[in-house]
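Right after this note come the structures.
The same chain A turns up in both complexes below, where it pairs with chain B and then with chain C.
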Partner chain A sequence: MLKRYTYSILALVCLLLTGCDRIAEDERLIYDPIVLEDNQNDIPEEGKPEQTKRVVLLEDFTGQRCVNCPKATDIIEQLQEVCGDAFVAVGIHGGPTAFAGNANVVGLKTDIGDEYYTHWNLEYQPVGLVNRHAPINYTEWIEAVKEELVKPATLRLKGTAVLEDNTITINIDAQGTNGTVDGKLQVWLLEDGIKALQLMPDNKPADQAYIHNHVLRTAVNGTWGEDFSIKEGETERRTMALDIEPKWNREQLSIVAFVYNDQGVQQAAKTKVEIIE
Partner chain B sequence: MKKLFTLCVGLLSVLPFWAQGFEFQFEGQSLNNDETVIIVAEEDLFGDLSCETNNMMDPGNGLILKLLRNTTANATATLQISHNSLNAGNMQWCMGDECTPMNNQTSLTKRFTVNGSETVQFDATNISGEGYLLATLKVTIGLESRQVNIVFVNGDYDGIQTLPQKENGREAVYDLHGRKVQGKPSSGMYIITDGKRVRKVAIK
Partner chain C sequence: MVACLCVLGTKAWERKGVTFSGSIQSDMLVPRHDNGTGAEKTGSFLTNTYADLLLQSQYINAGARLEFLAYPLPGFENDFKGWGVPHFWMKGNIGKAELTVGTFYEQFGSGFILRTYEERALGIDNALLGGRVVVKPIKGVTLKALSGVQRRYWEWNEALISGADAEIGLDEFFPVLRKNGTGITLGGSWVNKYEKSDEKIYLSPTYRLRLPKFVNAWDVRASFSRGPWNVMGEYAQKSDDPSFANGHIYRKGSAAMLSGSYSGKGLSVLLQAKRSENMSFKSTSVETKSIGISSAINHLPAFTQDQTYALAAFYPYATQLAEGEWAYQAEVGYNFKRKTLLGGRYGMNVKANLSYVRAIDRQFYDGDNLVQKTNGYTSKFFKWGDDTYYRSFDISLSRKLSKAFKLNLMYVNQRCNQSVVKGHGGIVHTNIFIADGKYQFSPKVTLRGELQYLRIKEDQGDWAYGLLELSLVPHWMITVSDMWNCGETNLHYYQGLVTYNVAQHRIQAGYGRTRAGLNCSGGVCRMVPAHTGWTLSYNYNF
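Take a look at the complex of A and B:
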């Protein structure tokens, strides 16, 4: 009897001694934006360009008729709060739950949204692509974004967008920072703050004044972008123009640019459209 | 005597496991197993002609799955569409935190956890054809299975086998659960069929 107690106490002591190992900060699974910012100033290897942080792109396939899509938006807002400008979300209204609109009700569905939905063989909503990897449920987005954030960036992207009269002039500046990148450069126009009907989850009534943010309005340089290649140390500027539609709110427009290839999205950038009166 | 007493105690102890563990409800009323819910196409908030098991402005007051004994349970639900001539632009089935398009499939199974109750959100929207849809939703929790038949109707429903037909050349009146109303109906919403068409009528 005494022997049995002795073994139990020994086991408990071992558990106490080993159960509270201190985990080094760099091994913790907590995203720390400050660490990420610091990485920008890492001293580059000799002869290599200054390194840059990786910006992660989330394509959120959503719809006004999708009752669970506002839950996915909540996740996006959490990610935006934690990751700041290292995270770019785009709401793509396409697929069966997207609504095209009519004379009385604003609709956010686009033809390219439908094309993307079909192309990626999506089967339900809400669903998202994190850096254009396999489609995943919104409940897995945080983990997937974390995994992408720690990967090294291969290029730096920066965009400027100026709206004068009814035309936006867009400049995308790229710099290769690590090896050669071949792929496509895609530029999209987004709009924030659109008030439109949305079905709601958890038995809440439909919200007729729901605010839709980061809504994909159109692709600036074609549905699948344009060919793009950059070597380490090289810089390149691409310039393009887009005429805006009257229904878009010019105060709420922004541009998202990203470079992608078969390995997924390599880098992304978002910039607000500046208005020149 | 002692053996008989033990047997009785044993039987009483397993009785709760035989009791009904969940049910379907429609507009707050319990449905019997295999009962039918008839939903007539109406213009929805988007301005489209739609049939939906839960109204957009009052979700949770339409068709729901409700646990009767436990607060949480793992469920397997299968939606089977056996006929569809509605020509709906979109159909979706939302249960278990996921909305799945049903345009291109006639049968789908989902597994999810029910916390207290689960709204059955099955919608056919942007309907452009006169016709009907017949679907059966079967849910299994543990050893217990229950099902509800869902009928979406727009205009002509001639040929629906599960819907009661006109009787003796007269219009037949059914409640929203698909139960035939005998005698004069009290105030409320009813389905009236004449053998060829179906319409939803408010009786005051």
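Take a look at the complex of A and C:
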């Protein structure tokens, strides 16, 4: 009798757990768009400065020998299209799949890219840091960007960059908008439109003329930036200069500035380098 | 000290009718920076240390394992780091049933839908934590049921894995089969993954996926044996399981295998074929955690030779679970008898293996419709895809040339698609020549030597390898080896090891360089970075 009960219970458990969960084709997708908070026109609380929207920074650790990295780039392009200037992506060529180049092939790997890759203890590519939180797979970037976009901004950040002769003069203007922010200000130089080799996914042949955008070229103010602190209502300007290298295309340069601390990136801004002939 | 305590403890327990046994395994490395190989000094002292304890009595067995991996050896995934007692279990025998509570390993059939196991060299331990019942109600019938959560390094994945398996040996029911020496075994399994995940996977900034809470997999198998013949077939299927591995498609996975073997006097033949597609089955839908070798619920064996010689193992193959593959393997072995023309005075053994792994046909939807994209692809069952993933042919000849000298010669030819196996590197072709000789000077003194040469046009070019191993029975073994890249870098990867065995203890100390490369076992691989330094290994069984 006991045996019979045992077998019956086992069979019942099996049946209960075999829940069929096939999702019909027309139910596979859930409409869940990114909504950009436009709080620029909100009336600020009394005594508080005008609020600003949060700009989200994505550090994309990529490599020319990384076959899935073009898939990550697709995600970035989609986010750029939807989010506009509320989203800033930086392609950091470092780690095992980055390519340093040789006499025949252009390489985009940088020592600073390797340093960041090692610092964040990354173990595969593509992988990204959204507002300097834990590294995540590129398929999770959209969700992470959505979550960051709705967080309130604590400061306003704006940059200008002017290239005259071979020197870029950069001004970063900040205004505290919500509490005090202590951290680091980091400024990077990026280049768009670089035509160079890229391995492609799904066993497709390598693309010799792949266009690499938002490629990190160098850090303007050191690998980890400079100390920065701002109180609500205060404004501050930081000025710095950078000599450009001949291999960089001066028409395609831009500056990314961001303030970060242990809680992640607090605010970011991107500006194109203006050329004065 | 620990060993002495274990011995004293064992004796005390034995007096109470309880057997106490266990083992300690500790591999240590003092890494050094090496400008030549680019090896980094990743710490001052690294170790992977395991201590297993087992208590056995008439009705109840219990065990636990301490793992100290806080400063792990190079090449393991970040989350591998940690320490604790991740294994603890108790097993009771009640009549014809056996009940396990705690952590356990299990495999249904060939492992197509469930295989939890430990492979320390790769850092794999995907044990289940929960309960398992194994019942043998009558002779020839084994029933299993289990449920639990799966280990992922130092945490337990949220998905609940449940399953059942039944296996029947028909020869126990039909005496005529037994009388004819015929064995027929039928089996069937089912596995269910239940996961209520918070993971949001977006196909675009506007649409995200509705992920299934349940994923089911089933498997049927049959084996027939008679005399030297054995035939085995198995088929498994898995329900829609959109994941990072399969590109988030809603498509069934499947695996089919047919294997036949003959093992007669002096001759052995093995023929195998397998087709699999979309069979990556993981116990977490968190994408960042599902990447890598952790959290696998199932395992598909690679139909390729697991090479043991150093240069032959340079370009291994890893089973393509998500992409799928057609895999074939044929192996023939023959023992030439002693005192025959080819066998000579002491006989000779010849073995040949041919492996071929090919992509399956997959026709992907190429439009912009997101829903259509989630269907993935269409595939004709018997049609091949364009790419050859791996091809290998090897032949080995083993012969005793004199009473004291034994020689093993081997030739390996490989074509490996590195872009498939490790993501980049293109196709490489190798020709590998190996000679392995062993000379016994006296019953206590044996010298073994290996010479290997790898000829390759791609990657880093040719490699040569030499090894000498002196065994002084019963305690000592001294090994020196050098792996030389004579094709491009001119680097030497030298190594010296001294091994001492006494009673149940084994201690090995050495110094050397290890090259960066893939370390594989059973079709699963991990990338090991170059490292240099002093090594010490200690093993103890009590």
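Methods note: the second predicted complex is superposed on the first by the 240 of 277 C-alpha atoms of A that agree within 3 Å, B and C clash if a C-alpha of one lies under 4 Å from a C-alpha of the other, contacts with A are read in each partner's own complex, and residues count from 1 in each chain.
The rule is simple: contacts are C-beta pairs under 8 Å (C-beta built on N, C-alpha and C of every residue); 3 or more make two chains touch, one makes a residue touch a chain.
None of these values were measured; they are calculated from a predicted model.
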item	value
Chain B versus chain C as contact partner of A:N121, first or second or both or neither	second
Partner chain(s) touched by A:N104 [first = chain B, second = chain C, both, neither]	first
Touching partner for A:Q208 - first (chain B), second (chain C), both, neither	first
Which of chain B and chain C A:Q78 touches, first, second, both or neither	second
First, second, both or neither for A:L199, with chain B first and chain C second	both
More chain A residues in contact [chain B versus chain C]	C
Touched partner set for A:N137, first chain B, second chain C, both or neither	both
Touched partner set for A:R65, first chain B, second chain C, both or neither	both
First, second, both or neither for A:G95, with chain B first and chain C second	first
Chain A positions touched by chain B in one structure and by chain C in the second	65-68, 97, 123-124, 137, 139, 199, 203
Chain B - residues contacting chain A, complex	45-47, 54, 56-60, 90-92, 94, 97-101, 103, 119, 121, 123, 125
Parts of chain A lying in touch with chain C, wherever the complex brings them together	3, 6, 10, 13-14, 17-23, 25-34, 65-68, 78-79, 81-83, 97, 121, 123-124, 134-137, 139-140, 142-143, 199, 202-203
Chain C residues touching chain A - in the complex, by the definition given at the top	77-78, 97, 133, 135, 137, 143, 145, 147, 162, 164, 190, 192, 194, 199-210, 212-216, 239-240, 244, 248, 250, 287-288, 291-292, 359, 364, 370-371, 374-375, 386-387, 419-420, 423-424
Touching residues (chain side chain A, partner chain B) in the complex	64-69, 71, 95-97, 99, 102-105, 107, 123-126, 137, 139, 197, 199-200, 203-206, 208
